[in-house]
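The structure that follows is given in the form of structure tokens.
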Amino acid sequence: MFPITGDKSLLKFTGKPLILHQIDGAVKAGLKRFVIIANPENITELKPIVAGIPGIAADFVIQQKPSGMADALLSASSLLAEEPFILVNSNDIFEASAYTQLLSEYHRNSNYSSYITAYPVPNYFPGGYLVLNKDNEISHIVEKPPKGEEPSHLINIVIHLHSQPQKLLQYLADTKSAADDVYERALDQMIQDGLKMKAIIYNGAWQAIKYPWHILDAVDYFLSRLPGRISSTARISDKAVIDGNTVIEDNVRVLEGAVIRGPCYIGRNSIIGNGVLLRNSIIGDDCVVGYGTEVKHSYIGDRCWFHSNYIGDSVIEGDCSFGAGTVLANFRLDEANISMKVGSDELDTDHDKLGAMVGRGCRTGINASIMPGIRVGPNSFVGPHVCLTNDLEANKMALAEPRYRVLSNETKLVESKRKELLRKLAK
Amino acid sequence: MFPITGDKSLLKFTGKPLILHQIDGAVKAGLKRFVIIANPENITELKPIVAGIPGIAADFVIQQKPSGMADALLSASSLLAEEPFILVNSNDIFEASAYTQLLSEYHRNSNYSSYITAYPVPNYFPGGYLVLNKDNEISHIVEKPPKGEEPSHLINIVIHLHSQPQKLLQYLADTKSAADDVYERALDQMIQDGLKMKAIIYNGAWQAIKYPWHILDAVDYFLSRLPGRISSTARISDKAVIDGNTVIEDNVRVLEGAVIRGPCYIGRNSIIGNGVLLRNSIIGDDCVVGYGTEVKHSYIGDRCWFHSNYIGDSVIEGDCSFGAGTVLANFRLDEANISMKVGSDELDTDHDKLGAMVGRGCRTGINASIMPGIRVGPNSFVGPHVCLTNDLEANKMALAEPRYRVLSNETKLVESKRKELLRKLAK
Amino acid sequence: MFPITGDKSLLKFTGKPLILHQIDGAVKAGLKRFVIIANPENITELKPIVAGIPGIAADFVIQQKPSGMADALLSASSLLAEEPFILVNSNDIFEASAYTQLLSEYHRNSNYSSYITAYPVPNYFPGGYLVLNKDNEISHIVEKPPKGEEPSHLINIVIHLHSQPQKLLQYLADTKSAADDVYERALDQMIQDGLKMKAIIYNGAWQAIKYPWHILDAVDYFLSRLPGRISSTARISDKAVIDGNTVIEDNVRVLEGAVIRGPCYIGRNSIIGNGVLLRNSIIGDDCVVGYGTEVKHSYIGDRCWFHSNYIGDSVIEGDCSFGAGTVLANFRLDEANISMKVGSDELDTDHDKLGAMVGRGCRTGINASIMPGIRVGPNSFVGPHVCLTNDLEANKMALAEPRYRVLSNETKLVESKRKELLRKLAK
């Protein structure tokens, strides 16, 4: 997820951390009891956020080391053993209907040991593929088959109802694997041992946040479901334009000539400056989107300051500030897809429009240029007049080498020329 | 004409190829039969365009090699021999009155073998100068006299009515010259042999398109004669401004805050974005003039995409795309005239405001800078952050050398400072 | 004051040279007779300006060499000897109440030989500190004590009423000093010799213009006292916004979409272009603030041309012209105070927001970047694409070294891609 350092489940979308969006969906589907498996890093932030939700009961378990889903479930085994539960990954985004589908199937026929959400994919996806028999019972799970050898077009997504938790926990404890696939192996073993699992085909939206650009997909997801709303404390110039579905939070100011082309979300206290163009974006709290800036299809965290910038298809984590004339390129001259280096691999993002991914606390100078798909690590500065062509690690400064000569100026200007120009303009 | 590669007579102005503007003028003057001398390259495009004009008869002749006007006429001799004809150069722009003047003089007195349009020039022009006797009969044609030795202030422009075509064709066939001046020599020989030619003084507009920047003169010509018109299918924001004579074609969209300062022409399906300023320009079909762009006194072909650019006094042939922050400079710091290299000569364009001439299919990156009078050959890319100081040939890429150092960032920011700034702004 | 070369007392603020603002204040306090001590350089400009004021009597004296205040007074001794006078420094800015305070104290009790204005300073200031006894009589003046050793929080500012001019002039003539402090030494000697001086504590605004950035403080001073007024000959688009106290002089044009956030002053004949944002600034006469420019808290002299620029916290003396995309940075990435080299010292300006100081007759090219606090000497050019990181002397050109490679362009574009993009946008 470099350069995004915050916990994914705490990333705010349209004013709410992801975890709250998740719980909201579950509550909508009628669920009331939650077991949150946190880690030592996010527990202190997570707890008060979840604790504030009325009408639910939440228990917290800390998984000491991030060692996979099976380990996570075993950490919480005392809380999970007693009654059927639904397992979800807090970084995945999906609709409440995924829960209701599982629940209604379970209520219809509770004989299956597990109810597994199956997600149809049109193209290859590096996940676990489900092989079904005629009653949508699962006969096999094939983990990450090579491209072209997919046994079906249905992948296993982790929205699983387990009706016999003790049995599941036993299998998890008994399964050994060097890789991070104990949970999947355990499920497959259960199937091989004759336990019945039902696939529930889910046609709604689903999005995993695995790489930083997936945040933009999440932006699309949340914006498309946004109920428009303008706070009564927002001050919006009558010379500004708000077009399409938009949420404008408390104390926001939208100045003259600004155009907000929804769907957009603008967080508390933010200022949308004169002549700004905002399209399909989430803007955090306490931001200043200054004069002459365009923000298009981007995720902007809290406390960002922009000024005569173009920011397109970009993710800016928060506390960032861009100098006038800084442009984030989002389209290659050759119009090819944008790739990013992840580990030693050059990963095709499958996007031909993708800007920069900028970590928390970055600054750019005036007239800086950042190439498509470049990542800027947290607390790094991109100096004025820099054209950033490579990723920048955290806590770095990229400084342009000054490259100019100073000569004597021998020019003689014709004074009347400017007067003539002004006369023409004044007509 | 580098970098403009298209056939000049097919260059579109205000939605119509130049050839159609020419024929329109002739039709207005009552002419109905046309002989078009094409070449193997432009014939396939020319033919259907001309064929679509109702009420005229057009014959096409192909001149196999571009070897001058005399050769062109001789290629068409079978079609031209029978009746008087008017010869014009399809790349010259002039008013219908030039035809009517010739025709009315011919109808008044048809005894002259030729009626030659004479154009008064205030300053030296490298053309053929006419020496007249008292009845405006031509006594001599002096081809390209040296500056200061002009025998008159009248130049010969090729709007010629020949009343005795067979005689003319004979002279053309008999005249030999190593240079491209057979037609002019033949005329002069006819005069020396006692054939009478009448000069018709024409005071209307006339513009030859010889060098690419002449396209801007043609823009002025056509825009100044534009009858304003807004298509009923155009969608124009009530927060946009249309000021002065402007043609807006079908399906154009003009977004909020855009200002169109006529005369302007905007071709079909084009989008004029938020806050755009358009002045005295022709915009082709299917263009996107994006947010924060100014286009001033320029020729923009079809399918161009701009985004936060300044484009002034420039010619952009078509299918071009400019990155955010690309600026075409159009005025030198020393305010001198802009010159262009044509062959080995540095030619003074006589313009102190002149931008870039950009061929078909070019791209520029973000924050690219192009110097005044620079030419960019077709299918060439000017990379991000490049300051282009020399012409670029066709099919090239100019790429900036990355010039920055990466250091450790030791800055400690004072958190309260930003809060204080926001508090001030929020007032 | 480099790069500002004009005489400080002739610097125009809100349409009037500083000297006129000064005299206005004195006239308001009831003063009618003036002795102006000029120098050989400014006398020809000063004289007609002051001569034009109705209802006052003004005498001019020329001090041949700039050799301090004592010498100035002695140059004018014949005019000053006869009656009490008030001495002020024409480059200091203060309110009329400073005069009235002095005068009313003098009328109450005319026994003091001098009445000295005392200005309370919250922090250290490198000036002369007043030590008072209980009746606000001055017991001592301590010139520039080291920081931390100030004997009081009151500094001596040169608004002094001298009731016994002959005695003062005698002391001035008798005092010798190698440094530029004869006047201050003479005053102190007078006190030591038993002449009584009264300190008058002044709590109004006071601003010396010593360094070029002090001009911005003067901008604040004059703008905050501006009575709003729009000339009947100004043409202001009804699509422009004028918000807050603003003076708009004769023949000014404000185009569509411009926003003027007062207090602002716009001089005669200036054009404020489309979409321009102007905040807390003084714009001179005959300026063109072109499309897409923001001017914030700046001093702009006469005949300046801007075009798609950002100009913040800057002083531009006059006759300057900036290319599209030129940005004057006004805030460091590390948010530290901006310092300037004065002589061999690096002087902390005490401002964290400070742009450039640009002398008369400068030009910048397109996409030029100028760092915070940089000074550009008069008649110097900053070339296109230059990132100016050091001060530029007068009459220089800074030219970017072209740094790009030209390669063959092997890109094959997919034609349908652009069509698809246009189709999406057209929705």
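Just so it is clear, A, B and C label the chains in written order, and each chain counts residues from 1 on its own.
Heads up, the rule we're going with is that contacts are C-beta pairs under 8 Å (C-beta built on N, C-alpha and C of every residue); 3 or more make two chains touch, one makes a residue touch a chain.
The structure displayed is predicted, hence computed values, not measured ones.
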Contact graph of the chains (line, ring, star, complete, other): complete
Interface residue overlap between copies chain A and chain C, same or different (over half shared): different
Whole-Å gap separating chain A and chain B, where each centre is the average of the chain's CA atoms: 50
Separation of chain A from chain C, taking each centre as the mean of its C-alpha atoms, in whole Å: 50
For chain A, residues contacting two or more additional chains: 257, 275, 292, 325, 333, 367, 381, 383, 397, 400, 403, 411, 413
Footprint of chain B on chain C - complex, ascending: 239, 255-257, 274-275, 291-292, 307-308, 323-325, 333-335, 352, 363, 365-367, 381, 383-385, 397, 400, 402-409, 411, 413, 418, 422, 425-426
Footprint of chain C on chain B - complex, ascending: 241, 251, 253, 257, 259, 269, 271, 275, 277, 286, 288, 292, 294, 303, 305, 310, 321, 325, 327, 329, 331, 333, 361, 367, 369, 371, 379-381, 383, 386-390, 392-393, 395-401, 403, 411, 413-414, 417
